[in-house]
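Right after this note come the structures.
One chain, chain A, links the two complexes that follow: it is found with chain B in the first and with chain C in the second.
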Partner chain A sequence: MDHLVASLADGLLLGFVYGLAAMGLTLIFGVMDVINLAHGPLIALGMFGLLLFAGANGLGLHPYVALMLVAIVGLIFGVIIYYIAVRRVLDAPHLSSLLATFSINMMIIGVGTAVFTTSPQNVEFSLGSLQLGSVTLLGTRLVAALIALFVTAMLYLFLYRTPPGKAIRAVANNRAAAELMGIPSDQTLALSFGIGAMLAMLSGGLIATFFSFSILSGSVYELKSFVIVVLGGLGNPTGALLGGLILGALEGIVPTFMPVSWVPVIEFVLFVVILLVRPSGLLGER
Partner chain B sequence: MNSWKYPAFWIALLLVIIGGLLPVITGSNIMRENMFLILLSVALASSLNILLGYAGYVSFGHIVFFGVGGYIGFYLLAVQNTPLWLAIIAGGIASAVLAWLLGAAILRLRGAYFALATIGVNEAVRTFINNFGPLGGPIGMEVNFSIYRQYGGAATMQWTTYWIVLGLTIAAIVLSYAVKFSRFGLGLMAIREDEDAAMVMGVRTPSAKTMAYVLSAIIPGMMGVIFFFRNSSIEPHEAFRLTRSIEMIVMVMLGGQGTVQGPLVGAALYEAIRSFLLTSPLFKDLQLAFAGLLLLLIILFVPSGVVGWLRSRYRKLWRVLE
Partner chain C sequence: MTVLDVNGIASGYGEVQILWNTSIKLEKGKLTSLVGSNGVGKTTLLRTVMGLIKPWQGSVTFNGKDITRMSPHAKAANGIVLVPEGRQLFTDMSVYENLEMGAFTKRAKARFDENLEKVYEMFPRLKERADQKTGTLSGGEQQMVAVGRGLMADPEVLMIDELSLGLAPFLVLDLFEILRRLRKEGLTMLLVEQNVQMALAVSDYAYVLADGKVEIEGPSREVAANPKVREAYLGI
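Up next, the complex of A and B:
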């Protein structure tokens, strides 16, 4: 029983970080109807960003300062990707935007493999642990979950209380109408793609504070993000956080009574079933 | 139907046959192995084109049929010691049945949702087999080399399987052409343009889509059996590699989706470019990045692919390009 609680708590903490990654994916889909297949490599870039800024061979900054730099780089990088690859295919059939973002995926992985190789890396960093009764929480994971929550709150403030955030919601709602109201839709879309990429890289940076990684590890988290996004409903950021927690809980509970390698099987079966039964997600209307 | 009189079809067929016979003429084994990969890609791309190009449904996880066919066939060959031809047919049937069952469920989804579902299915099957003991789990299965003795030794087996692949590739081209010029194919293209309108006009969309899915799954399933039999081993990451699935889409796009010759041209071009990049010292490490750049350029500037672009540019070529 203690084991179950400890495992569940650990899973839930991870769930916040997964949710943050998925939020990046779902935001982009919600605003411009594009599934960003470069999501995984962006997460991996976030990991390497942390390594470069905070690692012993890099700038050697404090990891959480480095994380801020990672976020800024992510925002800029996302905007660049939007202007190069996404902008021209927004009105084309789905296949075009899927493949355009996938081409970015290939380029990042290709260059990343050449530069960083595929051998695993890790950032040496520890914050001790917190003892709550019989449950031990790792400091880095606890802080990561808190940061993920904080970023989510900031995202909501941004989307609901600031003019550019409101513009993003207007464009998501109806692009033509937003343009008629004088909202510069092109810049707004670029900003949303930038924020989506930023969230992906940020979550990658957070994951890098407690797991080892390689340039290829992004794809695992990309697939997790797909599952989460479908659980929560495509285009729904709150749903993404909820989906992340569900996935985290699953990853915490399942290994206590089944071999851990069955976790992805359950995740993907759940993913397909949810798509079939409730494509609008658990929170969406029927 | 007099569509068989179009030169376009015969040109496509001739290209495959000439290409397929090249290794015999030169007698080179390296040539044969290269040609094997090209023919495999042509067959996979042509099959995918039936769903992607004609019906407009983007299957991102189409490699699941290659993998499932491969696994079923390999199991029969390695464990049950079934003859090769029977294993190939079993692989094809297994893929077709899977497509039929899946199709009834996931083809209700449209656009991005369908694409996501196909990724999910591929990953679900891959992770399941990764855990499934009877099929070897994460290590997969191997055949003992002595199995090739039944087929006249490894050298003869390589030629035999090469001929089968050539035959299946021709079958894929014929199938692709036959579908395109049938009533059924017209229905698929109506679905691609506007599914609701097609339904109103009397196309039975659910059964037409399922049929297209099944047809696009059979040959990849059979190819999987041959590929892994030749490879002498099979393992989940190799059989259900998502990247290969997306390469299939790139080939179709490169040549021109919705055309019969497109996947043929696209697959050959893609393999040529890849082998160039892999062997050139300058690009070796960056081969994936260059393939990505190429893909991006195609999508942005020639979305209809080589064949589609030529067709729209030179109307005189309409009879020979299809």
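Up next, the complex of A and C:
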């Protein structure tokens, strides 16, 4: 029983970080109807960003200071990707934006493999652990969950309380009307894509504080993000957080009953079941 | 004085030409109406003026400056505001947020409090419903939000597409009363309407559009007296 509670707690902490990653995917889809297939490599870039800024062979900054730099790089990188690859295919059929973001995916993985190789890396970092009764929580995971929660709260404040955030919601809701009201929709979409990429890279950076990784690691988290986004409802950030927690809990609990290799099987069975039973997601409308 | 000069516009969608050498002028402080049957290109003309559709030919001049190629959001920032057909509200956002989005531009933000007070005074219902999502409002209330949002943009030229469409007659009368008041306050307006009789009654000058061309134009009273107009649009 203790073991189960500990695994569940561990999984839930991870779930917050998964939720953050999925939020990046769902925000971009919600605002501009684009499924960002470069999501996984962006997560991996976040991991390597942390390695470069915080690693012993890099700048050697404190990991959480490095994380802020990763966020800034993510925002800029997302805006660049928007202007290069996404902007011109926005009004084209969905296949075009899928292919455009997929080619960004291939470019990042190609260049990343050449520069970093595909061998596993890790950032040496530990915050000790916290003992709560019989449950031991790893410090890095606890802080990662808190940061993910904080970033989520900031995202909501931004979207609901600031003019650029409200402009993003207006453009997502009705792009032509936003233009008519003087909202520069192109810049607003670029900002949204930047924030989506930032969330992806942030989650990657957080994951890198407790897991080892390679340039190919992103794809695992991209798939998780898809499952989460479908669980919570496409375009719904709260749903993404909820979906992340569900997935994290599953990852915590399932290995206590059966081999770890069954975790993805269970996840994708859930994915298919949700698609069949409630395709709009747990929190989705309609 | 001409505020907005739309000259020789040809425009359409894809290969389909809708407007053929269409010209209209908006005089400062006047209420101009653009009337005609369904599908003659009234909305297309507005969309072209705003820059939502690129014109194939012709020019749009605002206070003497050529703005033909200006983006819609830049036009709004200069004070050219369209209340679009079908209202096009931000349905997931509250009434207040819609009004706030109307005042997104610098020029509108500068007069936010003043304009908000004016809009709430014209449409007290919007003040009551300020926190409600606009998607849940009735058609009439939504049209009030659409007009209110347009006014929040602090327009120098306000263009309204189909003010009366789908609304109950008493609401239409209320909204036309608002137009009269705005005209008295000196706002330059263009009203696009299928309700020809009401549009001619409220406006100073009128254009009758048929098959993508201006067929008849003149002071509204003369246009209303034109036998062709009487027969084709007023059913008299």
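The criterion applied here is as follows: the second predicted complex is superposed on the first by the 285 of 286 C-alpha atoms of A that agree within 3 Å, B and C clash if a C-alpha of one lies under 4 Å from a C-alpha of the other, contacts with A are read in each partner's own complex, and residues count from 1 in each chain.
We adopt the following convention: a contact is a pair of C-beta atoms (placed from the backbone, for glycine too) under 8 Å apart; a residue touches a chain by one contact, two chains touch by 3 or more.
Remember, predicted model here, so these are calculated numbers, not experimental data.
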| item | value |
| --- | --- |
| Partner, of chain C and chain B, that touches more residues belonging to chain A | B |
| Touching partner for A:179 - first (chain B), second (chain C), both, neither | second |
| Which superposed partner A:279 touches (first chain B, second chain C, both, neither) | first |
| Partner chain(s) touched by A:120 [first = chain B, second = chain C, both, neither] | neither |
| First, second, both or neither for A:60, with chain B first and chain C second | neither |
| Which superposed partner A:163 touches (first chain B, second chain C, both, neither) | second |
| Touching partner for A:223 - first (chain B), second (chain C), both, neither | first |
| Chain B versus chain C as contact partner of A:98, first or second or both or neither | first |
| On chain A, positions contacted by chain B and by chain C | none |
| Chain A residues touching chain B - in the complex, by the definition given at the top | 29, 33, 35, 84-85, 88-89, 92-96, 98-100, 102-107, 109-111, 113-114, 219, 223, 226-227, 230, 234, 259, 261-262, 264-265, 268-269, 271-272, 275-276, 279 |
| Interfacial residue positions of chain B with respect to chain A in the complex | 52, 56, 58, 60, 105-106, 108-109, 111-113, 115-117, 119-121, 123-124, 127-128, 130-131, 138, 242, 246, 249-250, 253, 257, 285-293, 295-296, 299-300, 303 |
| Chain C residues touching chain A - in the complex, by the definition given at the top | 50, 52, 71-73, 76-77, 81-82, 84, 88-93, 97, 100-102, 104-105, 108, 149, 153 |
| Residues of chain A touching chain C in the complex | 163, 166-167, 169-170, 172-174, 176-185 |
